[in-house]
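Let me begin by handing over the structure; questions about it come next.
Read from first to last, the chains carry the letters A, B, C and D; within each, the first residue is number 1.
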Amino acid sequence: NTHLLNLFFLFMHLQLIGSGAAAQVITSRGTHGNYLTIQLGSALGAVFGIFVARGVSGAHLNPVYSLSLCVLGRHPWRKLPLYSLSHLVGAFLGAATVYLQYYDAIQAFSGGELLVAGPNATAGIFCSYPADHLSFWGGLVDQVVATALFLLCCVALEDQQNGPLPDGLHPVLVGALILTMGVSMGSNCGFPLNPARDLGPRLFTFVAGWGEEVFKAGGGWWWVPIVAPFVGGLLGTLTYEVLIEAHHQTTPQSPQQELEEVVVDSGNNR
Amino acid sequence: NTHLLNLFFLFMHLQLIGSGAAAQVITSRGTHGNYLTIQLGSALGAVFGIFVARGVSGAHLNPVYSLSLCVLGRHPWRKLPLYSLSHLVGAFLGAATVYLQYYDAIQAFSGGELLVAGPNATAGIFCSYPADHLSFWGGLVDQVVATALFLLCCVALEDQQNGPLPDGLHPVLVGALILTMGVSMGSNCGFPLNPARDLGPRLFTFVAGWGEEVFKAGGGWWWVPIVAPFVGGLLGTLTYEVLIEAHHQTTPQSPQQELEEVVVDSGNNR
Amino acid sequence: NTHLLNLFFLFMHLQLIGSGAAAQVITSRGTHGNYLTIQLGSALGAVFGIFVARGVSGAHLNPVYSLSLCVLGRHPWRKLPLYSLSHLVGAFLGAATVYLQYYDAIQAFSGGELLVAGPNATAGIFCSYPADHLSFWGGLVDQVVATALFLLCCVALEDQQNGPLPDGLHPVLVGALILTMGVSMGSNCGFPLNPARDLGPRLFTFVAGWGEEVFKAGGGWWWVPIVAPFVGGLLGTLTYEVLIEAHHQTTPQSPQQELEEVVVDSGNNR
Amino acid sequence: NTHLLNLFFLFMHLQLIGSGAAAQVITSRGTHGNYLTIQLGSALGAVFGIFVARGVSGAHLNPVYSLSLCVLGRHPWRKLPLYSLSHLVGAFLGAATVYLQYYDAIQAFSGGELLVAGPNATAGIFCSYPADHLSFWGGLVDQVVATALFLLCCVALEDQQNGPLPDGLHPVLVGALILTMGVSMGSNCGFPLNPARDLGPRLFTFVAGWGEEVFKAGGGWWWVPIVAPFVGGLLGTLTYEVLIEAHHQTTPQSPQQELEEVVVDSGNNR
């Protein structure tokens, strides 16, 4: 049932804010929020998603994070597929709930047509599309850089050796980190960062009436926010290992360190 | 006198921000704030309402929360009517104070006419009205979903087993949760969430000169923000019980758990 | 030298943000901020003013707070005049520094004329003026209500019996409280709340070239933000005493309570 | 390798937000953020830069801070040149990464021309330029005042005698301080505050195609944000020593105080 929680987490994260905040701003044509409130939504969605799920060991925020832990040998590879599937299903169901909640608003806004591009487009409520100026390589670079920094900071926040955090501050800081991404790396392609959170809702919009255009748009953009975050995530995690972790290891301070390597799996409850 | 505190809490919560922030933005026609400052107002009103009342055991934020505790057997049913009445009276008095404080501004803004709809409408300062696009069922769905998530998160934040919170962070997080609702679920009908906070001020506007239109508007909308939050609140509370609490109980960790079930009532001091 | 600190506190509080943030938004005609950033400025100015001064016992934020403590018998009356004078001088010097820092900007904005009213007015950077719609009685009510709530919350945040706060959160919450005032009670007359912070800068603008219009404007408005906050402050403090403190005393829990009444004076270090 | 961390810190600080947030708002012509999101970016960049580096003793945020510690005898002078060089290189590389990430956006925005002034200017993404209204002396005053307040608050936040902070709150407060600067002292010349963060990116833009105009603009403005922060920083640090530290020393409370003077150097890990 950790899988259920992972599923539920993304369901809620997505539903609550990531997409709800975007739906609100887009369908109200900016009268009920602006770019900042959308980012606050994404951030606060993560905060409360983590607060709800944090008590249950093993819940992860992001498949990229799960993969990084597997690569570092801190999480069993065999669990990865089911984790990722839970994320995907949760994100799909979350998108469906947002559509349900904003059904009237989306219909009124778009005149009943579910479009991927143009002034009445609503597909951007659910998943990422590149800005007109963005080239293929530009999108890859953007996502690799953004996810690298995102994961590097995530790992740093969890590194007890790097300085303790008061219990309860961690979820808030993860939210602040997502806000950071939104205000500084959001204009190229909307900082997907999370493959499940991008693909799940894209599948939903494909099924729900936006059609195959959701995969064709941006010159077949859909796979970039799936592949690039994994590359960036590994890069960020390894950078932290080399830059900071390695530094810790050259100055060992307590036997607690060895201990930690034994129990790492149970401790990664996000 | 816990009733008095409940009354006072909503009085303050409403007066301070929920309605004050809306009055400020509406009557200044957006020169002294925007959609985000209204949401910040609602959130910060709750924060300081809780900080003022938190020392006194038994103060509840919301009749929906009280009802959920009754259903779960953690709060005596006999206290529910008086609690709800206190909430209602507090919200009514809070609305009256906001009207007093913004009397000149409302008169100047509306040209002396107290209207429920149109560009010079001021009834929306005090309680919720549906957006033009919202259908009857859409409003019900919106409020059930929003209150379910709201209560689920409220219960999670209070669940000590789910991870402790530093003292003093809890009220801040409840405020952040209200902000979350405002930025992601506010454009359909203004996220009432709280039946007392919606009905009390509506009664005030009925009495104070807006007239029976406050009940007729939106096709008789007034009862939706009373009924739907109770349905959503129960749904959210039960979801948490099933999803997380149940998970805790399958992995008991300490005798503290049994203890908690005995003293639950005294511990719910919000 | 506590007086010096009080002086310095208001100097900094004013200079840093209260007026600097307003100067920035007004002279940039909204390109470098908006209503929200002005309120954030006021709030953050208080936060860092308190963080700088908090280590030194006896520093107070506001003459209204000092007076309330005197009335409650928790602060010696004889200290009140010098405290208030320090506040006044600090606020005067703070205003002078803001004028120095924004001298070029104010000259460019106003074409060299220092005006109190009209589209190129700059006096509002430094102290409060009523909105056009505000009547005399409306202004009194607004300030009494606002300061009552402000002081009530200030006293609640300091009441250890009402629930402890993590060290370091208190200054942040006072800032949040000022933000609250700004977003929900700022459009009538700019929430002065603090007589010294209003009169000191007004005296500076009188001397610096805005002339006697700073006292004549708004039908002789200048004394309202001096008198009304004292009335509201006492009202708020007494409300808390009656509503919450009294409740604590009917349910004594520990001998710590009697102790506290002896050492109250040294403990009020703000 | 503390140098490496200093380098990396500024790289990240700059790349993540300081410049990324500005690039986003400028190249999207305000559709993906506003003045406030740029300031949030600067603030959050510092927050996460500190969280990543805080575990490693000796990492400093700002050459001005390093110099102040040297002057106060708390940091060896011989380390200053390499520290400053690391900062400079980090900021240069950070600017390069932002340019890489926003290459497509900058090209589309500016039509391929890299300009320092005018409506399509992009140089302001990377370093500070004075507003049109700002005189030479006005710029000096602005930067001396701003950096003095900045350093004064930084030193106060680190002064354990002035009141403890919960672990984990310190980086957040430094971020809030940077936000404070941005909302109240940002419109004259963009609050550089940090010589390395201004000169490094300026050198990058010089090399990358903006040309020598980056040094000629504003009447040879470039050296003001290098010299003035050092003057202001020393002023702020000394003010704190005189005003608060001196006050502590006249009221010694514990033997911990003497101890602290011995180990000061190892404790200044920022």
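FYI, contacts are C-beta pairs under 8 Å (C-beta built on N, C-alpha and C of every residue); 3 or more make two chains touch, one makes a residue touch a chain.
Keep in mind it's a predicted model, so treat the numbers as computed, not measured.
Student: Could you name all chains that are in contact with subunit B and with subunit D at the same time?
Tutor: Common contact partners of subunit B and subunit D, which must touch each of the two, are A, C.
Student: Can you check whether subunit A and subunit B touch via the same residue numbers (shared by over half) or via different ones?
Tutor: Under half of the interface numbering overlaps between copies: different.
Student: Can you check how far apart subunit A and subunit C are, centre to centre, with Cα atoms defining each centre and the answer in Å?
Tutor: Each chain's C-alpha centroid was found; their separation is 42 Å.
Student: What's the distance between the Cα centroids of subunit A and subunit D, rounded to whole Å?
Tutor: That gives a centre separation of 29 Å.
Student: Can you pull out the residues of subunit D that are in contact with at least two other chains?
Tutor: Residues 34, 36, 166, 169 of subunit D each touch two or more of the other chains.
Student: In graph terms, nodes being chains and edges touches, is this line, ring, star, complete or other?
Tutor: If you draw each chain as a dot and join those that touch, you get a single closed ring.
Student: Write out all the pairs of touching chains, ordered by chain label.
Tutor: Result for touching pairs of chains: A-B, A-D, B-C, C-D.
Student: Quick check on the complex: what are the subunit A residues that touch subunit B?
Tutor: 1, 4-5, 8, 12, 15-17, 20-21, 23-24, 27-28, 31-34, 36-38, 40-41, 44-45, 47-48, 51-56, 97, 100-105, 107-109, 166-169
Student: In their shared complex, at which residues does subunit B touch subunit A?
Tutor: Touching subunit A: residues 34-36, 39, 131-135, 138, 141-142, 145-146, 149, 152-153, 156-157, 159, 161-166, 169, 173, 176-177, 179-180, 183-188, 240, 243-244, 247-248 of subunit B.
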